[in-house]
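Next up: some structures, all given as structure tokens.
In the two complexes below, chain A is the common chain; its partner is chain B in one and chain C in the other.
After this line comes the complex of A and B, so read on.
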């Protein structure tokens, strides 16, 4: 694996240089929020951030995406593909937990049985550059409980680790190696790798928030009807904050919007927290209340995904914990389930 | 505060023991530092969980409406003579009681279906504002003592004056003490700085149409359509919001700029005479959209044009909820 060193203050310059060549998604400070957005000309990326407000999943799985366009004509429907074809892009500076989420989303969108062309096209054209958490940003981070690590190359093509005065740049995949020219020519020495090993261990130890994420799977297998499910949702507002900010939540809705003879078919985020979620055309909803919706959310992350892909659909970023308006804490839910 | 908390717990216990209420909606300590979260107490022993402090954010009236609606739905198939009444106890400060008044004026439930435990309020901490005050650092631990918030953060120890990080709604609140209550816990709190409640709106009104629209556009671009504002609002209780209606479809489902604007301004206009400036929508918004600027303008218009402040008294009906020749300014309504 190719490894190099770059000076810490060179990072923003590299991102900006890349932005001249292709689409670069980078953390940008917008008023009080840090968001992953396409880096505009003259804009400064903001790498001194804890983590972004929104998960960068929108790069591959946007909130709203046009699937097809169509026009009704006398000769029948004329279809056209969306002009927003996937472009060469770089996702610059995502945290290890968020990069981990891409590996999890790949299992679903790019599996043997179903291939999601829209997702895959963007994923293939985008190089993911991770910015490891040498110091875990939040007290509520719990990546180590859900098969993650604060410094990890999982889901990344290039991994950047702050080793003091420099960043150690590791080109993890062939896709990452294609971008070596942007990172100078200082080869990493043995000392910097030793330093990284120390940092990895230290960062891992610094994650204090732990949840029994693996322990709950056999319990969930047997407790679909447990009265426990009635204890979570009372205060839930049924808003979509947790699912919209979540790096792994991926439920979507498909709808047609038609004006005159022209129509578009849109895919947009759905949320299991919405009362409309899984509501059928007849008006019937198999999930009758927020109780069933919360069971779905928990089961999906800690049971169904494990059943289907042998992986927990949570990366421990803590966004839902920190942003839930009524402090419904997934860590506590998992903890409580482990005691059932 | 602690004294109020003790009394509040005693009162809640008494209500449950005497079966004067089936559930008490209040606040308990949250799992994150410096947070309180809504809770539902149904057995007297649990009343000790209740807290009352500067971190109690949500307007709990929303849950009153939810619980009563759910209860009424559950009674629909029960014979009228066998139907049970459910009484909801609620810990309510000024703005919460205003929302309850609106529910009562709009005949959502009867006065005897709720039991109001009034609490004095000196304002709650704006969580997002506090984050900004400490430059976005992560709060590891925190406590409030003598008007100072002391914090252990990812950026070291910090201290912030409580009055600086109160919610904007609280800083200029006109009704911080309960307007109606069945029992009052603690003495009324001193008035907040309500003389300046419209300062921001006055400034905003001076701007040109283009500038105001540019501000509206900028704020609405932050919105990700999670619906948290609507869901937290006690006045947003339509069984099906227009946003979710499909025949006809009023608003597109996606993250379209215009659709988002339509959702937001339609919601804003549904708040005429119904927004109590509790700040819940602002507090829950994950993206920090400045909804209050527009809601406060609507509130100001309600006061200046109709002499009404939403939910400020049981007798004073909201401008869109009363029709009589003594109050309607426009003559054409009666002499077309």
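After this line comes the complex of A and C, so read on.
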């Protein structure tokens, strides 16, 4: 694997240089939030961030995306595929937990039988550069409980690790190697690798929040009807914030919008927290209350995804924990389930 | 790679109003591009997404049999936005069709067995597909006795009346049509589907029941078949859930870890027992 060193203050310049050549998604300050946005000319990327407010899943799975376009003609509506040509892009500086989420989303969108071309095209065209968490940013981080690590190349094409005065740049995949020219020509020495090993261990130790994420699977297998499920949702507002911020939540709605003679069919993020999500035309709703919706969300992440893909659909970023307006904490839910 | 979100353009070739209340119609679609028909290679029990630009999509079971070439049919009740728009359509209009989606009636499992078809009301559509498939000259000898028990609330609500007449004349199909309550012209059987099942009393020997109907019918019919000795492996049904994508991505039609759109809609009772009862 190709490894290089760059000076820490060179990072923003590299991102800006890349932005001259292709689409670069980078963390930028927007009002009080850090968000991944296309890096505009003269804009400064902000790499001294903890983590972004939103998960960067929108790079591959936009909040709203056009599936098809159509036009009214004399013969009725005629549709055309949206010229949704994915562009060469770089996702610059995502945290290891969020990069891990891409590997999880790939399992769903890039299956053998049904491939989601919209997602896959953007994934293929985008190089993911991870910026490792050498100092895990939040007390609510729990990546190490869900098969992640604060310094990890999972889901990344290039991994950047802050080793003091420099960043160690590791070109993890052939896709990442195509961008070596942007990262100078200082080869990484043995000392920098030793330094990284120390940092990895330290970062891992710094994750203090632990949940028994693997232990709950056999318990969930047997406890669909446990009265416990009635104890989570009492204060839930069904706002959907947890699912919108979640790096692995991927449920969507498909809807049509028409203006004059032209229309589009869109897909937009949807949420299992919403009562209408499963409501049928007849009025029947298989998930009648927020209790069933919370069971679904929990089961989907810690049982159903494990059944289908042998992976937990949670990366331990803690966004849902930090942003829930009524302090529902998935860590406590998992902890409680482990004691059932 | 075929984009599964892009509908095939189809023309509404024929519309048949099935019932007296006029809210259930069969729509016959022809593919505008002939090569699309070959791509739409379906098996009885699968479903399609009927796609009306500007309105949306509706997942509906395929009512025609793949043995009928040149078209595909769906029998649709007028209910929500999309199906209401569909009911306003006229022959010759163009719309979209996606699919075919889902698993299917388990044809290989049914082969060489006595088949008992039990249908109620408007849920008879994919069973009609299966019956027409099985009684086709190419397929009939692959299946043993075929018994059909089909009920509706009243004679005016029976679907596919012409076909029922034809099937009634066949000697290789035991057809039992019933209505909850007949009218002045009704000469056929009266009685609820569970009762008729008890009367017909199909043997469990080498037999499989394929059942589709309103929940209340299913609830009272299943005990009849348990009493007749049918095992849960040999009772097959089809589920409905709200769906959007049809390919197991959008996340709303799961029952436990199975997606009804992709892993279903057809399940045996034995399989359903293993799933969470959330449908």
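Methods note: the second predicted complex is superposed on the first by the 335 of 340 C-alpha atoms of A that agree within 3 Å, B and C clash if a C-alpha of one lies under 4 Å from a C-alpha of the other, contacts with A are read in each partner's own complex, and residues count from 1 in each chain.
Note that in this section contacts are C-beta pairs under 8 Å (C-beta built on N, C-alpha and C of every residue); 3 or more make two chains touch, one makes a residue touch a chain.
Note that the coordinates shown come from a computational prediction; the quantities given were computed from them, not determined experimentally.
When both complexes are overlaid on chain A, chain B and chain C end up sitting side by side without clashing.
Judged by the touch definition given at the top, the superposed model places A:3 against neither chain B nor chain C. Judged by the touch definition given at the top, the superposed model places A:291 against neither chain B nor chain C. Chain centres taken from Cα atoms put the angle at chain A, between chain B and chain C, at 90 degrees to the nearest 10. In the superposed pair of complexes, A:125 makes contact with neither chain B nor chain C. In the superposed model, A:108 lies in contact with chain C only, and not with chain B. After overlaying the two complexes on the shared chain, residue contacts for A:280 are found with chain C alone; chain B is out of touch. When the shared chain is aligned, chain B comes close enough to touch A:138, but chain C does not. In the superposition on chain A, A:325 makes contact with chain B only, while chain C stays out of contact range.
Applying the stated contact rule after C-alpha superposition, one finds that A:253 touches each of chain B and chain C.
The minimum CA-CA separation between chain B and chain C in the overlaid arrangement is 7 Å, rounded to the whole angstrom. When both complexes are aligned on chain A by C-alpha atoms, chain A residues 253, 255 touch chain B in the first and chain C in the second. Those residues of chain B lying in contact with chain A across their complex are 30-33, 35, 37-40, 58, 62-63, 128, 131-132, 136-140, 154, 222, 224-228, 230-232, 244, 249, 252-256, 283-284, 286-288. Chain C contributes residues 1, 3-7, 9, 53-57, 79-80, 83, 93-96, 240-242, 244-245, 247-257, 262, 276-279 to its touches with chain A in the complex. Those residues of chain A lying in contact with chain C across their complex are 67-68, 70, 75-79, 81, 108-109, 111, 114-118, 224, 250-256, 258, 263, 265, 267, 270, 272, 277-282, 286-287, 292, 296, 299-300, 303-304, 307-308. Interface residues of chain A facing chain B in the complex, by the touch rule stated above, are 30-34, 49-50, 53-54, 62-64, 135, 137-140, 234-235, 237-241, 244-245, 253, 255, 257, 266, 268, 271, 274, 276, 321-323, 325-327, 329, 331-332.
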